[in-house]
Amino acid sequence: MSEAAAHPAVHQHTAPTGFIRKYVFSVDHKVIGLQYYGLAIVAVVIGMALSWLMRLHLGWATLPIPGLEKLSPAGAPGNVMTPEYYLSLMTMHGTIMVFFVLTTAPFAGFGNYFLPIQVGAADMAFPRMNMMSFWVTFVAFLALMSAFFVPGGPPISGWTAYAPLSAVGQTSGPGEGWGQTMWAVSIAIFCVGQLLGSLNFIATTLDLRTRGMSLARLPLSTWAWFITSVIGLMAFAVLLPACILLILDRTAGTSFFLPSGLVFGDQMLPHSGGSPLLWQHLFWFFGHPEVYIAILPAIGIISHILPAFLRKPPLGPRVLVGCIASIGFLSYMVWGHHMFVSGMNPFSAILFSVPTLVITIPATIATLLWIGSVYGSRMQFTTAALFCLGFISVFTTGGLSGFFLAQPTIDTYLHATYFVVAHFHFVMAVAAIFGMFAGTYFWMPKMVGRMMNETLGKIHFWLTFVGVYCIFMPMHYIGLAGNVRRYAAFTDNFLVPLIPVHKFITIAALLTGAAQFLFLFNLIWTRFRGPKAADNPWGATSLEWSTTSPPPFDNFGGRQLVVHQEAYLYGVEGASADFIMQTSSETVEKP
Amino acid sequence: MGKTFTIVLVAITVVSAAFFIFHGQLLWLPEDVSVHGPGIDHQLMETMVGTGILFLLGQLVLCVFVWQSSGRKEGWKPRTFPGGPKPMVISAILAVGLEILALSFVGSKVWAGMYMNTPDSQALHIDVQAGQFAFYFRYAGPDSKFGELHPEKINQADGNFFGLDPRNDVAARDDVVTATMAIPVDRPIQLTMHSQDVIHSFYVRELRIHQDIVPGLMIPLHFTANKTGRFEIACTQLCGLGHYEMRAFLEVMPQDKFDAWLKQQESQ
Amino acid sequence: MSELELSAETGHAGLMEGSPYGIPSGKLAMWCFVLSDAVTFSALLFAYGYLRVGSPDWSTPFLFSPSIVNGLVMTFVLLSSGLTMLASVEAAKAGHTAAGTRWLWATCALGALFAVLHLLEWRRMIEEGWGLFRNPTGGSTEFGAAFFCVTGLHLLHVVGGVFALAIIALGFRRGKYNRIDVEVTGIYWHFVDLVWMFVFPLVYLMNAK
């Protein structure tokens, strides 16, 4: 490997020329970061549209939705969704959102753009491998999208793809032919892309920090990206073989996840010896760290942004890093809490429950640190700041519902109900996305050199903040009432009385979804018409604000930055301004 | 903006909490009819109160700090939380830690009571078969012996849901197969559950029981119902296109009514 | 090695913070890759163990001759390739490019020999009736699945390594690659060797007749 390390000042880094080299096959981490971000935007629009279709069907199961039959003649004859089509939309919704939105935007998107800049490097440690990791992820996305168009349509087994439903092939249901195989292929390719990305993040954080940027001076966002990549390195490494084994079971006649005696349509299948629980163990050993991979970058991002608008240092940043690291570490010990009623040994339920509950401790400390940071501040309520505050609120709500599910006795009742759906949507769909929004409003001026419209942003925030509570808070109530999840429709006497709540949720979801178009419009408007941004419009301290907006191709215009300060010197008594940048050599006399 | 945030979040918090507190019949667990259920319900209430307090405190304290923050004038010198991060760490470890200890300790006892004790020798054994998209139940019949299962003999059209072989298997001849599960009240029930195709799940809300049925495994589950009534058995593990309609019914009846019911089933 | 030399090697030239592990990025990345790949193999071995423990009719078909003998020979070949790899790295560190290249080719050849022996063994087993879901002895069909998947993934890594060694050997001779690149390749190769030291006992010896 001749590019064993980038050479910031020594290396003759020439700017790329030509459209393809600049914007398509670019090795510039900034372009790659924007490509990931763009992929995530496309994915989130598709994922959100799928959720609207799902919610419409749940509120009004017999409602014909205009145009649906054109989209899928088999899935929606007469424009009315069949149950299997609902399940396939649900599967694709979950898969797209978890992988191509939550693992992509906050981590690969912003991380790729800002990690090298925040450590003071000219690029990632392995720029070509970085480019490869994006295009591999892109190919994975195409493979997943192809599931919509293959014979049989998308799979119906949920993003969790439990065997045997996902492993026997066409026999178990519509979409379980080519659709499920393309799903598994896509996810396997995605794992490779993430692995390559993680290697880059780790090497860059450890090796390419500029002089003076000790680990203790790293911004909290960089710490979060770094810890997330370490988690990802080991999590995706388990999902990859699991998907390959699934593909083998489906196509090569193996029985890793298939026991003997399976009967479909009165025909017994020839498989024998396998275990459906094996899939669950492998999947959730990946799956639980994965949800922390989804949230930790958002935690890092809002922890980074909040101090800039509080104009005071964050409370206990080192403790916060410790919390992020311990959450990452503990995330490997809790996977069985998805399997409390799975049929595994009941004793193991207690074993998994304890670390699951223990994870609440660092999560609580982090929340208290954020709330404690707001104390004694004079806050600037920009859109980015509002999304940070919103994050604290929704992360608290989502985290607390986890407390119920972490206990096997309570999970006995709440497993597979809407209570679970409420929990994971609050922490992933809401909290992590709020982190993405905060990051966008904060960093867009740096990335495109133009300020976003604050009025539109604030309207977007209010509509979204109220909207998400209207969508997901009621799900706790119907979950407690025993509303089972992953049902295409509610037709029995027990659940029919809850349909009015579903109708409310649907309307809230559609309105909140519509509000997101304000955000999309704002993005596009900013790119072309936004007022020019200064180098440091927020008066922030970290290294990305020590360069132009947008930064030049080598980030700092050939300069080698030297860092003299910690990351969050806001409101320092006796300083010349209410913030001291990391590159500043100002020393302040302690009063 | 800060004051607006506070008002909005206070409203959200109060309304959300109100629905938890004033839930009525609709938005709450149905009445418990099992012997082990009170343990679960108690655990749930404890957790609800604990997390409810943390929810209110967390959101409202954030609101207070935001309100104060937005009321400050230009030139305000920022103040650090008294004690720095230490009170946060200590209170989290103490409050959450103690709560976890308490819940785990009590919860393990309840869990062990459900899963880790020996079933009653007087229990009524019922065999449960799950398949796309129905549950079937089997009683041992007068000989109190269950016939062997032969998956290759399963035939939906002939009604041989369990794959029994009455021709060659004496014990199978008097097995009673039904689509509704009837049980006597106040009698320990021992279920053995198996699936013929994909993973299903057996969920009876009122009984507070929930167990995945995994192909390849024979899964035991025991409980005792202490109230009569008709309750829904719902499948909660995604099993295919018919998942949302996969359900059966549990009839809990007095012992004498149950005996009569079983006799009637046997004669068919 | 002094920090200055280390920095010069990696081009940092005293302008950057030293890496906390004091190694260039390429080596760090390879260690991270090895960690990740180890987890992949562990997942596969876990699956194998899980199925084996749950299986009532697991086969143990490996006779001492030819299977275990063949396995021992393959082990010897791979361990030897580890030694030649070490020699190559030492020679490269000392600046002896020609010797380093020779040892690289030796490693490459031994790796190729391992792959050939492995494929011959596979062919023999397939001829005997073994397959991904076929067991000629009538025992659990999981045996074939586990065997071919675990050894297959390892073989894939060996073959990949053989190609990498060849490319590095050609480039090292010409000066395109330096001794760090040889070390990085060495880390990978030793990892492949280490995995075999788990695969051989767990898959071969545990299934000996």
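Some points to look at:
When the chains are written out, they are named A, B and C in that same order, and each has its own residue count from 1.
In this text, a contact is a pair of C-beta atoms (placed from the backbone, for glycine too) under 8 Å apart; a residue touches a chain by one contact, two chains touch by 3 or more.
If you're wondering where the values come from, they're calculated on a predicted model, not measured in any experiment.
Of all the chains, the one whose CA centre sits at the greatest distance from that of subunit C is B. Across every pairing of chains, the maximum count of C-beta contacts belongs to A-B. Remark: subunit B and subunit C have CA centroids separated by 48 Å (rounded to whole angstrom). Mean C-alpha positions place subunit A and subunit C at a centre distance of 34 Å. One finds 29 Å separating the Cα centroids of subunit A and subunit B. Residues of subunit A found to touch two or more other chains are 274-275.
On the side of subunit C, the complex with subunit A involves touching residues 10-13, 15-17, 19-21, 24-29, 32-33, 35-37, 39-40, 43-44, 46-47, 50-51, 54-55, 132-133, 140-142, 145, 149, 153, 176-178, 180-181, 184. Of all the residues in subunit A, the ones that touch subunit B in their complex are 82-84, 87, 156-158, 162-165, 168, 172-174, 259-264, 266, 268, 274-277, 310-313, 315-316, 319, 341-343, 346-347, 349-350, 353-354, 357-358, 360-361, 364-365, 367-369, 371-379, 381, 386, 389, 392-393, 396-397, 400-401, 403-404, 407-410, 412-413, 415-417, 458, 462, 465-466, 469, 473-474, 476-478, 480-482, 484-494, 497-498, 501, 570-571, 573. Interface residues of subunit A facing subunit C in the complex, by the touch rule stated above, are 1-11, 125-126, 195, 198-200, 202-204, 206-215, 233-234, 236-238, 240-242, 245, 248, 252-256, 270-275, 278, 281-282, 285, 560. Contact residues on subunit B toward subunit A in their complex (touch as defined above): 1-2, 4-5, 8-9, 12, 16, 19-20, 23, 26-30, 39-40, 43-44, 47-48, 50-51, 54-55, 58-59, 61-62, 65-66, 68-70, 72-74, 76-81, 84-85, 87-89, 91-93, 95-97, 100, 103-104, 107-108, 110-111, 114-116, 131-132, 151-152, 154-157, 163, 196-199, 201, 203, 205, 208-217, 219, 232, 234, 236-245, 247.
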